[in-house]
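This report refers to the structure that appears directly beneath it.
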Amino acid sequence: MTLVAYLLLVFVGAYVVAVVEEWSTSGRLRPTAPLLHGLALLARESLTPRRHDRNLFEAGPTLLLVAAVLALVALPLAPGLLPVELATGALWLNAALVYVAVALLMAGWGPDGAYAMVGGFRFVGQFIGYAMLIVMPVTAVAMRAESLATIAVVESQAPLWNVLAQPLGFVLFLVAAMAVCFLPPFDQPVAAAELAGGVFGEYTGVRLVVVRLGRLVLVLTLALSVTVLFLGGWLGPWLPPAVWSLLKTLAVVLVMLSVGRYLPRLRTDWALEWGWKLGIPLALVNILWVGVVLLVGPA
Amino acid sequence: MSPLQQYALLFGMAVATVGFVAMLYLIARSFGRTVAEPAKDVPFTAGTLSRSPVWVRYHVRYYGFALLFLAFDMEMAYMYPWAVVYREVGMVALLDMGVFLAILFLGLVYGWSQAALRRQ
Amino acid sequence: MIQVLFVVLFGAVAIWFAYKVFTTASMMRSALALLFSMTAVGAMFLALQAEFLGVLQIMMMASEMVVMALFMIMYMMNPGGLAAMEMTHQKRLSIAVAVVAGLLAVGAALFGGWPLATEAVAAPAGQTRELGLEIMERSMLVFETAGVTILVAMIATTALAIRRPA
Amino acid sequence: MSVLVVSLIVAAVLFAIGLYGALSQTNLVMIMMGVELMLAGAMLNVVAFWRYLHPEAYSGQMFVLVLMTVMALEMAVGFGVATARFRSRGSVEMEEAVELRG
Amino acid sequence: MIRAAVVGARNAAPRGLLRSLALVVPPQLDAFVLPGMDVARARGLDVESAGLRPVATPRHAAVLLIVGELPESLWDAATVVYAQMARPRAIVALGGDGIGPLPGPDASAAMGQAGLEGAIERVRRLLRTGSWSQETEPFEAAALLPKRRTRRKKKKPAEPPAAERPSNDGTANDGAMHHGAMGGGADMGFMSMVRLTQHLPKGADGLPMERVQTPFGPFFPGLPSGLALTLWLDGDTVAQVEVASPVGSRKSDLSTGSGDLAERWSRRHPFAPAAYRRLVEAAAGGPPLDLGHVAALELERAASHLNWLADFGHLLGYAWLERHAAAWQRRLRTGCDLDRLAALEPKLLAVLQRVPRTPLLARRLTGVGVLDADELEGVGGPVARAAGLVRDARLDEPRYRSLGFEPVVRPEGDALARLSVRLDEIRRSVTLALAAYRAHGAAGAMGAARPEVERRSERPVEPGSGAVVDPPARAARIETPRGVAALQLRTNGDGAAEAVLETPSTAVLPLVEKLAVGQELADALVAISSLDLSPWEVVQ
């Protein structure tokens, strides 16, 4: 029952993300557009490139979707609304997100096309850049919660949301979250103008539907994880908990999708260098900060 | 639910997602096959037909980061359990992890100083 | 029972992918096969109720194997597997040694007469906590030694692989 | 057959495949993959033993962490060597290492 | 007459679910634009408001939009692009049916926004009824068949011939896994990797790697349309460059052809039609530069720069810039009444001022594509002015001097300098146009009514009059948006002309290689794009 309710909400959420994405790129709010685009794509031919690596080509988009879904189901919308209650939920989230890089690597290598291959390897580079910025802020959150369970993480924020308790971690995680979803300005692997669609340039028809769906769920997952880890999840007055979760998630989605419109794309090697030379030291500072606050602060 | 059932549920979700994708493929397949045409199966390269394979040895320019990442990443294996008991253990935990991270950061700084953290 | 089913299923998956590692010509496939073999081993850890270790294995090995794929593509002769190419030597000997070793290990497993423990395994949350305490207390030195080892590895690999610009 | 025995058998097979790879492959990178598989088999063994023989001893889990670290470091150093060799010789084939030595 | 189905319909009978699914046409059709978005914008089209969504690859496109007459040199490439689209696929041709071996367009219309919108509406109707057909035939053309000669050349020399698998196009699973180690009798013996790599060039880090020859063009979304680059990629670094401009004109072609030279040339150059028209007129002894010309030329300069800015924004992934620059470009190109422009000017200035303040932008562009002054032999325009060279044909014009013209010059010579020079020039051009317009004192719409200006000055050319017997060659120079174009023109009695043309892009084209080699791919593309070269005006 929980699962059905959750999946329903997630489905609605993913659709809303699609509408918001359409709005952020075209500037027009068209609630039916994603559905129509999806159906029209479904009806189109799905081409397979010559001498492609069939298994990798097919598995890439599917793995993207699977990874996004599996990461999502470990995140709670409300106290009772969590399909899979893992004791190591936060770690599981990280684990599932690693497979996004695997999926893009597969999709980039699969079609034997130059643009896609460059895109795939660029994303792996990006992954090496953001990976530590995903796990380190999560560790800091777990320190405060004394648990890796996502429910406990939200509950630990009842006195003070993590966004205020550890703002540095929040910023790092948000930026890394955008990099995970290869949203602009981190869209090197799928850049339209630089690689003509890059990793997913060779996907057509139903395969493209799966790619876009995977991307939407991924954005939703990351937004919800920002909400759960830093914005106090379902916590909030007056409204029902699940509504709070969804509202916060929507706000994060809006931020994630619109920031990139006002920035030039980052080069992969910059993302790497900044991630390592700036991001990791800052993440360590964040952990130290949280550690000291936890020791001297009220028990 | 017991943990094992939770894992079964996760596995079920993965299988269901794959099944969903397979279903989409089947629906799309029922709309007819792809018309086989010349050049349709050649990856797009901006209007030029480029038939040479691209699967050659690729020069990954960030291998300096990649090598350090392999080692540095392992720190997380220790940090998660540490984070969970941090409050319980207290000051000792902070010092222990402080020493550990300082050691690792030293490695990072060494790599940095040797120009590993840049485009090669 | 879920547990037996999972152990058998993921065991088979792990073995199948491990087999694929050395039987495919495409290096990308080889690296990814190793990745999924490791993932299956991680899933077996989950089935064996070592939740933290299982999830950690699924995560760590995936990120390490992705990096491995990079190096496979960089340094193998024929990463795409487009040309049939012999990349093995002393094959008979290797198979013989592997089979003998495997049979010995299987035999030990079958006829080991393992004294099964009676107490139940702790809940996953408790496990993570216990492991944390283990790291902080009994195995503290091991943990710090691991840190030093990682440092040595980082320095070694940098010194070996990086050529400083002139 | 108990779960323990099944796990041990899987571990044994993984180890054997890894051993075959480490012995038969000519390429440094592929040899490392064999070693990885052997270590994975060892890890599986340790976890199975921990679970069915000493679930109360968390040093078993700690040992798995150390094994994982060993795997990662083996890879890091191995690829460092591979890079250095590839730069100087243009090859990471082990047979050529022998050849070139004389 | 409307055909029952689109020419690229899918091969199936529309039955049941399929029939209702076929009725679904999304609000925006994904479209791949030929020859490119830059040309579409320059023609004053607003592709997005017409119900199209430009995409980066024909794989994702349902509609192939062809803007204007496609030069013959692009026919092969257009054929390939069409062949690589997934069915159902439709062709929309605007302003001319010259689309070579492609199947006839599903909808065609005259150039212009109204025509585009009508054509899209027709295509939508057509897609609803005719996305599926049982009479589809594979699309075949000579350009799509493998060429043996080029194939052999591309084969890697190091690979043994026996190992090269036959690449039979069409079999989907070719090149999938085959067992190298276990493959029975296929014992290739030991192969030395040392021999394989010893001839390879080493990168800066000393690793001998292979290079992938990758075409970027003529229809690459991030580069000027018609520019055909081939990059050899060493990882994501450009190791080697081959530049071609298939759409440029040959020297011999310049003088041939019938019809009004001014008219033909202004059609040839999508980004600066007025400048080339004026150039021909000046060389043919037209009236001296008047204020109307100045206003038209300066508006065109601003529009051309804005068009480039939109492209540049697209390449940088800076969506806001792309959107605003495209909108302002359109406003200047089509029906902009100068009174309204005067009122709108502050808004344009606000947009222009915001660009350099964008976070990360300066950092992204500094030091990219640096050109020193001494490398710019014969190069003019913003590229030279961004490297500290004061080269501007407008300085010789008394008209401009009387309007208080001053060229924009920056010393750095990198992509950022070129961006800021162009931003400044847009501002100054609009100011100049407004000043010229005010001084001119003419009432009513002028920017839009450039044809009026042109028609007025067409008269003195009178190519067919035959009144002048063998006039001497005349020379004219004009500052086009990309730099100085110079023309020597000798008309003979029957109207054909002997013309020697120097265009700014011809001089800039050889710089591409220098800017790209050794750069990271993203930087190389930014550097090339920052040159703003128009392949259409290259003279070979």
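Chains: A, B, C, D and E, in written order; residue numbering restarts at 1 for each.
As a convention for this text, a contact is a pair of C-beta atoms (placed from the backbone, for glycine too) under 8 Å apart; a residue touches a chain by one contact, two chains touch by 3 or more.
Please read all numbers here as calculations on a predicted model, not as lab measurements.
Novice: Where the contacts of chain B and chain E overlap, which chains show up?
Specialist: Touches both chain B and chain E: A, C, D.
Novice: By raw count of C-beta pairs in contact, what's the busiest chain pair here?
Specialist: C-D
Novice: For chain B and chain D, what's the span in angstrom between their mean Cα positions?
Specialist: Roughly 20 Å separates the two chain centres.
Novice: Provide the C-alpha centroid distance between chain C and chain D, rounded to the nearest whole angstrom.
Specialist: Once rounded, the distance between the two centres reads 7 Å.
Novice: Go ahead and note the Å separation of the Cα centroids belonging to chain A and chain B.
Specialist: So the centroids are 13 Å from each other.
Novice: Could you grab the centroid distance between chain A and chain E? Build each centroid from C-alpha atoms only and quote it in angstrom.
Specialist: Inter-chain centre distance comes to 36 Å.
Novice: Would you give the residues of chain C that are in contact with at least 2 other chains, written as numbers and ranges?
Specialist: 3, 22, 26, 29, 47, 49, 51-52, 56, 60, 63-64, 67, 70-71, 73-77, 80-82, 87-89, 123-124, 127-128, 131, 133-135, 143, 146, 150, 153-154, 157-159, 161, 163, 165
Novice: Two or more other chains in contact with one residue: find those residues in chain E.
Specialist: Residues 10, 18, 21, 57, 59, 86-87, 167, 169-170, 172, 175, 177, 190, 193, 196, 204-207, 209, 212, 214, 220, 235-236, 520 of chain E each touch two or more of the other chains.
Novice: Can you tell me which residues of chain B touch two or more of the remaining chains?
Specialist: As it turns out, chain B has residues touching two or more other chains at 3, 31, 34-35, 40-42, 44-46, 50-51, 53-61, 63, 66-74, 76-78, 80, 83-86, 88, 93, 108, 119-120.
Novice: Of all possible chain pairs, which ones touch?
Specialist: The complete list of chain pairs in contact reads A-B, A-C, A-E, B-C, B-D, B-E, C-D, C-E, D-E.
Novice: So in the complex, the part of chain C that touches chain D is made up of which residues?
Specialist: It is residues 3-4, 7-8, 11, 14-15, 18-19, 21-22, 30-31, 34, 37-38, 41, 44-45, 47-50, 52-53, 56-57, 60-61, 64, 67-68, 71-72, 74-77, 87-91, 93-95, 97-99, 101-102, 105-106, 108-110, 112, 114-117, 119-122, 127, 130-131, 133-135, 138-139, 142-143, 146, 149-150, 153-154, 156-161, 163 of chain C that touch chain D.
Novice: Please name which positions on chain E make contact with chain C in the complex.
Specialist: Chain E reaches chain C through residues 159-160, 163-165, 175, 177-183, 186-191, 193, 196, 204-207, 209.
Novice: Mind listing the chain A positions that touch chain C in their complex?
Specialist: 51, 53, 55-56, 86-88, 91-92, 94-95, 98-99, 101-102, 105-106, 109, 112, 121, 124, 127-128, 131, 147-149
Novice: Applying the document's contact rule, which stretches of chain E touch chain B when the two form their complex?
Specialist: Residues in contact with chain B: 10-12, 18, 21, 57-59, 74, 77-78, 80-81, 83-84, 86-87, 132, 136, 138-141, 143-146, 151, 154-156, 167, 169-170, 172, 175, 203-205, 207, 209-220, 228, 230, 234-237, 520.
Novice: List the residues on chain D that touch chain B in their complex, please.
Specialist: 65, 68-69, 72-73, 75-76, 79-80, 83
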